[in-house]
């Protein structure tokens, strides 16, 4: 395998990735865009990270957590009211401890939610004080819930669909290009999109594999607005670090293509990011994408997101194999 | 029709638009700035898109939706309370099912809104539990409403008024320019404005129409602050792709001018965008804009937004027609 | 007066300002940074502008508005309850219309604030329905208030103190510079500051005054972080449009220096802006700023914001007057 | 000591720092990133600064403040209700002033939190009016609390761990580099990182020390994404202002290296900043960092944040001391 040294070649820590070789099943960026690195030494309790967790957890987990906290808080306060004495809850008619617990429990629920029907009401300093604190706590807890719900909804997110395959397709008259396609899955409008392709592979340095990273040049790095789909093209010309690599090279060196997309969400005035990665087995030699849109009866364009990955096989322009065999 | 090839000419997917030809009545960007593309294959349920819908729907629809949800929730809970037994609602005096339904309905309303007058109050495990859950639900629902209301108000928006016409006006001494004018309709201050004009038309490639896109150069791409109005000028010089086009060319090729404006809203520290488009029929040959501002008695400038489109006809400097006839 | 034409000279709409001449007392940007332009033709009712008004109005006005709305809403609902019949308000003991009004008024207040003591409670379909709607309205109104309060507090703002005067000071060995000084009045940290000076004056074009605008070059356009004060310098060298202007020229042509500052607020991750302007009478020839900071006993720097405008008179390096007389 | 003059050398106010010499124990930026400057002349009461304080204070202080305000408000309102007359609080059974105070106090708590059990209820114009205002106040106060809690949680923050030492390490084949290392301590993903190193020292100008600032060039100023750690390198080549400095020079001139990091937080779509500084005693000559990550059994990379500062001593490539002795 021969890769020419070039100025984009950085020996270490290029693009924030390390130089550790990558085992096939463990690329640094996974196909869903998440980062495949474990970290040790994170402090267990960290406010911002808790917020981060609460904002990014699934809705099911979030609602279960809210319900659980509500139940636990009411149980705790029910025991406090029982400890002080249920006789301080005017209107409570429970006689057994079991009944008294539920009276205290529901009084607590009515207090923490500030409903306060009043058929059970506190009397005495202690019970009144606890009830006053509980209602304050309830208000603050729901202030928190308001913030969390808003944070969950308004957090920036892009939902981009990428073609399943990375094609080696004919490009211009005599050239080939590495191509993939993407479209916006959501109703918001994306503006000022910017793409980055980072190609990485293991290189043999004195018998020890070292991970190398290249930023591939793309035909068009930015688009102003994404109305339909966007086909990103890396021309396989003489400047490409892929120029002299064979399919086998790509396979043996655990080649990975990390895709980083940045865009501006017009509805929420936020910069959003999306990431994905392609492995060797996602590549198809000699294929081009089929158009993913039609016209309806009014002549209006209809983009079909389910056809974003569709391609047809084509013959590549050059007589030689898509990538040279090693000389 | 002859258009010289130039480096701004991208064969495919330029600027995020496709290369599909455009039928007259269906430009990709409509005059109100919305994108004229239908999409198929969007998943029906998507949290972020629901939020997007709730944030961008009209106020009338929004309030109707809130009212409807409130009514439905209370009806559902009323039936739950009736199923458990209205006798568990202390203070309810309804004797017919109709009366009992309304007692349960209003008890539900008092619970979900956390008013909790208490003249009707829950008794028994089941009713108490439902009431406790309902008040929790009420609080979370209004937490949601708080977030939505804030999101609706604080969502970035620019309200730009564009002149109705695109003028071919005299420019400098001997030249002509394509001009339109814009001003801010709102009280916020816009800073760091940036404009883009994307000219597109159908080109005949082997008898098949293909859509072409050009980014037109403008005399001044950025302004620091928009205090009055801004006249955007594309000089029709030898670098312009419009140089050799006749009015008939523009008409026959479904020429469209998409305008993309980016600005920074000083009040809310948000980047805002505005879009519009001009068709052939919005163009006026040989005209220039009239000033849209006066001075009041104190010498202070008064900008009249209703006069932003006003122009007077002028003779164009060159003896030849504004755009050359094909040679 | 002779000003050489140069490429920064734009005949029209430069920097978003118009070419209308400026009368002395009416610069386009006032010293407090607000824009001195009235606008006509703004639509009376515009949601975003109402939000804008509610966010930017003074705190006193805001609280008065909240109180007034609360009072008016309660009065309106009190009349509705009286129209339906006060006998439907259980617990109301008022016998005169006056007493009944206040019973209805306070019941309304208890409903809209969701306190709901319950000593007065609704009965009957009509009263119950109105109360249910009123509590919904109350919750939404306070949802709105929450959003507004958050919006008011979190809106980006920079509080920059500028020196009162624009000095013509010695600069480097043999040169002079136009200088002013600024510092941060608030506790937040400002990063990535960027300054723009726009010099404007009236020029006589065929006997008609036309406003001209120049962006002045500054010695250092950006600083990374503002820890102390920042002295902004425009060197009066051969590239300066001010090079050949005399003090009288500046006075007669209504010269104005508009200052636009952009910075990044590290605490709130927001871009903030500040503006001010200097007139001829703010200029001082032959002066330099005195340091505005000392050291305390620990050697720590203490910046005194009240001394930001302090200067001492100095002799200017060149024998000629600060600005040449017209030749 | 000889430092060549070069164009990065700005005589005054460079990078927002002043030219005041720095005493060893008082660098302008402290190691925790805060700015070591006191300011005088700040206005005592400033809304935005109060918000700033409430957002950035510790959680313990914040909760104590909330509790204290709640208690004080209730005490104030309790006295108001007592002044009007406790007989206007129906249901209050207190007979001594002490008992009456607590009745009024808890009635106030039930009103301000909008619980409103109703076993104590207001009667009479005055008491009713105060209660109506108090519940309004309560709602607004909790609206404020909601905003503050959201503001506290969502405020941008980066938690970066920096290596404890600044190493003079071998770099490329024949060169040396100034190196430090950093990693992300939090679970959020940082994108588009940008680093700045500002080197400052005291220079002797006519016997008076003046502070000089240089922005050091780094091998790689930006990285696209921070997945592992990032080693920042300033090559000690002929362009470095450190080229001719000896360790003693660095020590005697109170040399400081201020580090400014900017990044984009992918989860919250916010630009975040981090700062730190290194002094002479943090420097180690002839050392290089040990890798801070391993592989787990699945081949997945595990970054150990506690090993970010680990280094091993190495011999420097050149025979001469790391920095030349003065000639």
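Order as written gives the chain letters A, B, C and D; numbering starts at 1 within each chain.
Simple rule for what comes next: contacts are C-beta pairs under 8 Å (C-beta built on N, C-alpha and C of every residue); 3 or more make two chains touch, one makes a residue touch a chain.
Since this is a predicted model, take the numbers as computed values, not measurements.
Engineer: Relative to chain C, which chain's C-alpha centre is the most remote?
Structural biologist: If we average the C-alpha coordinates per chain, A ends up farthest from chain C.
Engineer: Between copies chain A and chain D, are the contact residues mostly the same numbers or mostly different, with half as the line?
Structural biologist: different
Engineer: Where the CA atoms of chain B average out and where those of chain D average out, how many Å apart are those spots?
Structural biologist: A distance of 38 Å separates the two centres.
Engineer: Report the inter-centroid distance (CA atoms only) between chain C and chain D in whole Å.
Structural biologist: Measuring from centre to centre gives 27 Å for this pair.
Engineer: How many angstrom lie between the centres of chain A and chain C, each centre taken as the mean Cα position?
Structural biologist: That pair's centroid distance is 38 Å.
Engineer: Would you mind listing the residues of chain A that make contact with two or more other chains?
Structural biologist: Residue numbers touching two or more other chains: 110, 114-118, 146, 150.
Engineer: Using the touch definition up top, name the residues of chain A that touch chain D in the complex.
Structural biologist: Residue list for chain A touching chain D: 10, 12-18, 20, 23, 25-26, 28-29, 35-43, 46-49, 51-53, 55-56, 90, 110-111, 114-118, 120-123, 125, 128-129, 131-132, 135-136, 138-140, 143-144, 146-148, 150-151, 155-156, 196, 198, 215, 260, 262, 270-273.
Engineer: Please give the residue numbers of chain D that touch chain A in the complex, ascending.
Structural biologist: Interface residues on chain D, with respect to chain A: 59, 66-67, 70, 74, 102, 106, 109-110, 113-119, 142, 145-146, 149-150, 153-154, 157, 159, 185-189, 191-193, 220, 223-231, 264, 266-269, 291, 293, 295-296, 298-307.
Engineer: Residues of chain D touching chain B in their complex?
Structural biologist: Result: residues 114, 116-118, 146 of chain D touch chain B.
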